[in-house]
Amino acid sequence: MELRKNYFADVRKDDLHEIGQPRPRSDSPGHVTGKTAFFADRTFPGMLHLKMVRSPHHHARIRSIDTSEAEKHPGVVKILTAKDVPHNVYTILILIQVGPEDETVLADGKVRWKGEAVVAVLAETERAAQEAAAKVKVDYEVLPAVFDMEEALKPGAPLVNEYHGQNYYLYDSGECRKVRFGDVEAGFAGADHVLEQSYQSSPIEHAPTETTGCVVTPEGNDRFTCYTNTQAMFFTLDNTSIILQMPGSKLHFVGGTVGGGFGGKVDVIVEPIAILGAKLTGRPVCFIYSREEEMQISSPRAAEKVVIKDGVMKDGRIVARKVTGYTDAGAYSRHSPYGAQKGAGHYPGPYTIPNVWIDTYCVYTNRTPSSAMRGFGVTIGDFALEVQMDKLARLIGMDPLEFRFINAYRDGDMKAHRQPTEGAALIECMQEASRAANWPVAEKYLAMSSYVKGA
Amino acid sequence: MAIRRGRGVAAINYPTGMNLGGDPTQALVHSTPTGNFMVTLSSVDLGQGMKQIMAQICAETIGVPTDRVVVDTADTDTGPHCMGTFASRGTHRAGNAVIQAAREARQVMLEVAAEELEVNASDLETDGQGKILVKGAPQKSISIFDVALSAHFKRGRSISGRGMFLIPRSYPEKETGAMKPSTCYAHACTVAEVEVDDETGEVTVLTVKNVFEIGRALNPKMVEQQLVGGSWMGISHALYETTEPYYPNRDHGGTDFNQYLMPGPGDLAETEIIVLERPSADGPYGAKGPGEMCANPQIPAVANAVFDAVGVRIDTLPITPERILRALKAQAAN
Amino acid sequence: MAKVPVQFTLNGSETAEFVDSGTTLLHTLRDKIGDTSPKGGCHQGTCGACSVIIDGELRLSCLTLAETCDGAVISTTSGLSENGILHPLQRAFLDTFATQCGFCTPGMIMAAKVLLDHTPNPSRDEVVEALSGNICRCTGYEPIIQAVLTAARSNSQNAA
Amino acid sequence: MALALQTFATVKDANAALKAQGSRYLGGGTLVVRAANEGDVSVSGLIRSTEPSLSAIVVAGGKVRIGASVTMAAIGGHPELGMLAKAARAVGGPAIRNMATIGGNLFAPAPYGDFAVALLALDATVSTEESETPIETFLANRDGSRAIVTSVGFTLPPQGGFRFLKVSRVKPKGISVLSIAAVLQQAPDGTISSAWIALGCMADRPMRARAAEKALLGRKLTEDGVAAALAAAGEGTAPITDPIASAWYRAEVLPVHLGRLLLA
């Protein structure tokens, strides 16, 4: 790695003692000796293992659940169903007033995706829990399912989630988050070329080497200590408090050493049910996702569809950009309404465009609920935007890097969401890339600066 | 058979912190009797190095070496609230909270030192090595060790501070979408060079040259860790990763590390990382959050390079050999 | 449930345990003996985080039954440093900043150790091959490859 | 039922114990222990045998016999089996190769079982206590096979006569897009006098590419010479679709990779 101190030297103080120094990491000695304590490195006598019975169907009504055989299985201590969960319907962002509550901790009457948690089995050993889980009988009436976002948005599509009432998240702005800036249709009308293209992704897994999980132990004083690899301690504690209708003062979360997160451990999935198990049995409980659960049950990065329509002039100026983004939330909200909204704030990318129209939708389908992942709301959008930029440059016969210089945002430029640009540095990154990659651009672009227009 | 070469570029920006703000983090700092400093948080270290960076930020602010600072984090019985580690917010939000707490603690430390040295606190400075000196008269000094002892056992003072950082929440205007998503943005430009086998659709990423602007590299080696790993993940997203390879069909999802594809140690692109620093107005020592941003620009850069190599556009991620081969066959048919 | 006696040498110490028949070595090491340096990342044999060295060979403790290790000599990362002095591999992982979350690190070090035990001056390709059964999600592998090459160099310098 | 392991000194006793319901033979553990870890509750008893012959490699008079418990690492490192090293090293990473056995590989479902592809091209025979079966027949019936495999035997092909290719998305260790093994004999004029070609991932288990074999006979290993074989390579295949690749992709690239293997 190379630090290029010549850029922005005028606005930076480099005479610090500790900041800017490559100090050794304080956690590394623990890592290389195997001494670092991850949550699963704690074990307690009498600890129970929790295994989940999951839906084999994408969408189904639950006619009945029979746990009688499983309860008799040797080693089984407790079996939990929806009725055991004090506040079974929840949504994690309710803490910041993003509702409605739309997801069940354990399925109640219905499953909405293949893999949804239905019954929790607590047993003396992992093996006993697996065997008992296989004995739980759930009678399902299979319902039509919808997997494609466009299909889901059509009238008459199967309704994925009754708590929403339609297959999209309803923002205060309506069916989508909107940004309106300038007159996009006038921009297209005046453009030399108009190009509309569609981009698509599929779900992506965080794939941390350590799977999601927690170990809970009752402290004997009506408090519960939960060793967890959550990415957000109080977020998890507070949601657990709501789900279990238990004062937060009864909960003690210990974590902060996590075997990779990447956004995959921001959901609140394992802790509430494990703590409930510990409460109802009085015994320590561990609930650790198997690798298969981590891959297919834990929330992935949402699949997205992005449609971009641009008006561009022969001289390289983009004069209008319309973006329609669709985020595939799967069956429940989790962080997807937030992610879709983040997209609305991110488009049209780091470019100054006078006419912009953005609609971002959060769509429900019968698949694994998606949620946070490194850059979500932006990552797939950037793929779409930057491939589109390449296409536009080639359309007008311009070098793709020079084309970006022409449109790059600079300090003071008004963004589509009506914030003036501050602290821009796109131009300097491109100048340095031009040099590093030996990708020559005209001298005038190398003379540009993010500081002031025209400089 | 032909191996065809191409290159592509992408430029991006990325907001630091939770979208639209409203995501607080708090920190507490106190000294021990012998002048070590404890930072208490509930922020989570996912492996990115939160604990180490908070120690360096605290040390810089107090004016002591980093090894005099211990970070105690992620215990809800002791640590004050943090919204969590996500949205490239950890360093920015928690760092600001630590600075505020450390400044308050430093002020008490200087006041105690001032009493001991019989000068005004405003006339004192730290040398960064564990001493407090009188400005302009460095022979007149006291160690932080002695100051802490004095505070605890003689003066009855608590060398401690509270820190809180909150960017007020922005509510988007319904019709226009006027809003403030973030207070600062990191930037990047990546050039990727690929080879495409036009008979199999297989892509080899030869080189990626990444330029990242991240505000301030608080610990350059740790920045490098994150940027190198992120660049790998970006390439991985571009060419390999999906839990549903036949999306929107739900079948054939991978359930292990053999089926869930990511580049192996034999697939690595020659990776160059260049870092620029334009300090952000509200970042801790100017830092922005590069953790997510660093995995983004490789995706379109690789996509554009594939087009440059073989003349087909793959607008669906991941850009698998199958998608390329289908596109090449369609191209040949036309 | 039948308990089975198992005896092996773990990091130089004679170790004896009664385990449930069918218990994996990983569970035995972690939950019975308390050596949590091998990590359970998949229990499938696909991540390498549980790697240990059995009789000089790299093995996956998640797929190895404890009772098949009777009489074996087993090494784990927790036993690598001697008298508080880090092994050259551990030192190199620190110096080259090759750890991030640290979950894969003990397994990586085991895989690297077997390589260096047999091939003190490996080529880059040999390092890549040696690490190929171990997943890392944070680093992009390059720092880990560099750490192993650095350790090999420091070994050969010490030997010279 | 908890999982229990029973160890027997002889294959005979192990075979008898295997008759119990829910019991499975434990080789290297990479298939069976994984299944148990993943919650396959149909496995309740594990049986293994420590009979020394299971771990023996015997090479004599151009004939090879490899005990079923021999690991991929042992084959890969054996001085007289150098030509097979590439196929043995195609299986898993180093730790897996120290565990995975040749016997287990015969049962590994596609996309696993790369070494079995090599054995099929070598026209191996698979032995149990009771019988000796041509590998092709063995593979066809493997789902119902209960008797412990004791060894695999084959004739060493002439120097340079064995070719192997595994195509993976992930390097150096990834599971197969497809694998190809070929044992070719050439007449003095360079024409192919005998061809055995086996394919992995082109069905749910290793299969012969008979049409391609036939099309190679009497032809030379030139671009023109192999063209007919490549055109026929897909005949009779039913490639798997999995997270790695679709059946369509596997079918499309099979002739490409077969061509590269033959012309290499």
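Observations, loosely collected:
First chain written, first letter: the chains are A, B, C and D, and each begins at residue 1.
Criterion: contacts are C-beta pairs under 8 Å (C-beta built on N, C-alpha and C of every residue); 3 or more make two chains touch, one makes a residue touch a chain.
Everything numeric here is computed off the predicted structure, so don't read it as measured data.
Ranking all chains by how far their C-alpha centres lie from the centre of chain C, first place goes to A. Distance from the chain B centre to the chain D centre is 47 Å, each centre being the mean of its Cα atoms. Mean C-alpha positions place chain B and chain C at a centre distance of 30 Å. In this assembly, the C-alpha centroid of chain A lies 17 Å from the C-alpha centroid of chain B.
Computed centre separation for the pair chain A/chain D is 42 angstrom, with centres defined by C-alpha atoms.
With touch defined as above, residues shared between interfaces to two or more other chains in chain B number as follows: 46-47, 49, 221-222, 224, 228, 230, 233, 245, 253-254, 256-260, 262, 264-266. For chain A, residues touching at least two other chains, in rising order: 25, 27, 207, 257-260, 262, 290-292.
In chain D, the residues that touch at least two other chains are 2-3, 36, 38, 172-173.
Chain contacts here are complete: no pair of chains fails to touch. Residues 1, 199-201, 240, 245-246, 252-254, 258-267, 321-322, 325 of chain B are the ones touching chain D in the complex. Against chain A, the residues of chain C that register as touching in their complex are 30-31, 35-44, 46-47, 49, 76-78, 80-81, 86, 89-90, 93-94, 97, 99-106, 109, 135-138. Of all residues in chain B, those touching chain C in their complex are 46-49, 221-222, 224-226, 228-233, 256-258, 262, 264-266, 268, 271.
Contact residues on chain D toward chain C in their complex (touch as defined above): 2-5, 7, 26, 28-30, 33-34, 36-38, 46, 48, 73, 92-96, 98-99, 172-173. Taken together, the chain A residues at the contact with chain D in this complex read 51, 125, 127-128, 130-131, 133-134, 290, 292.
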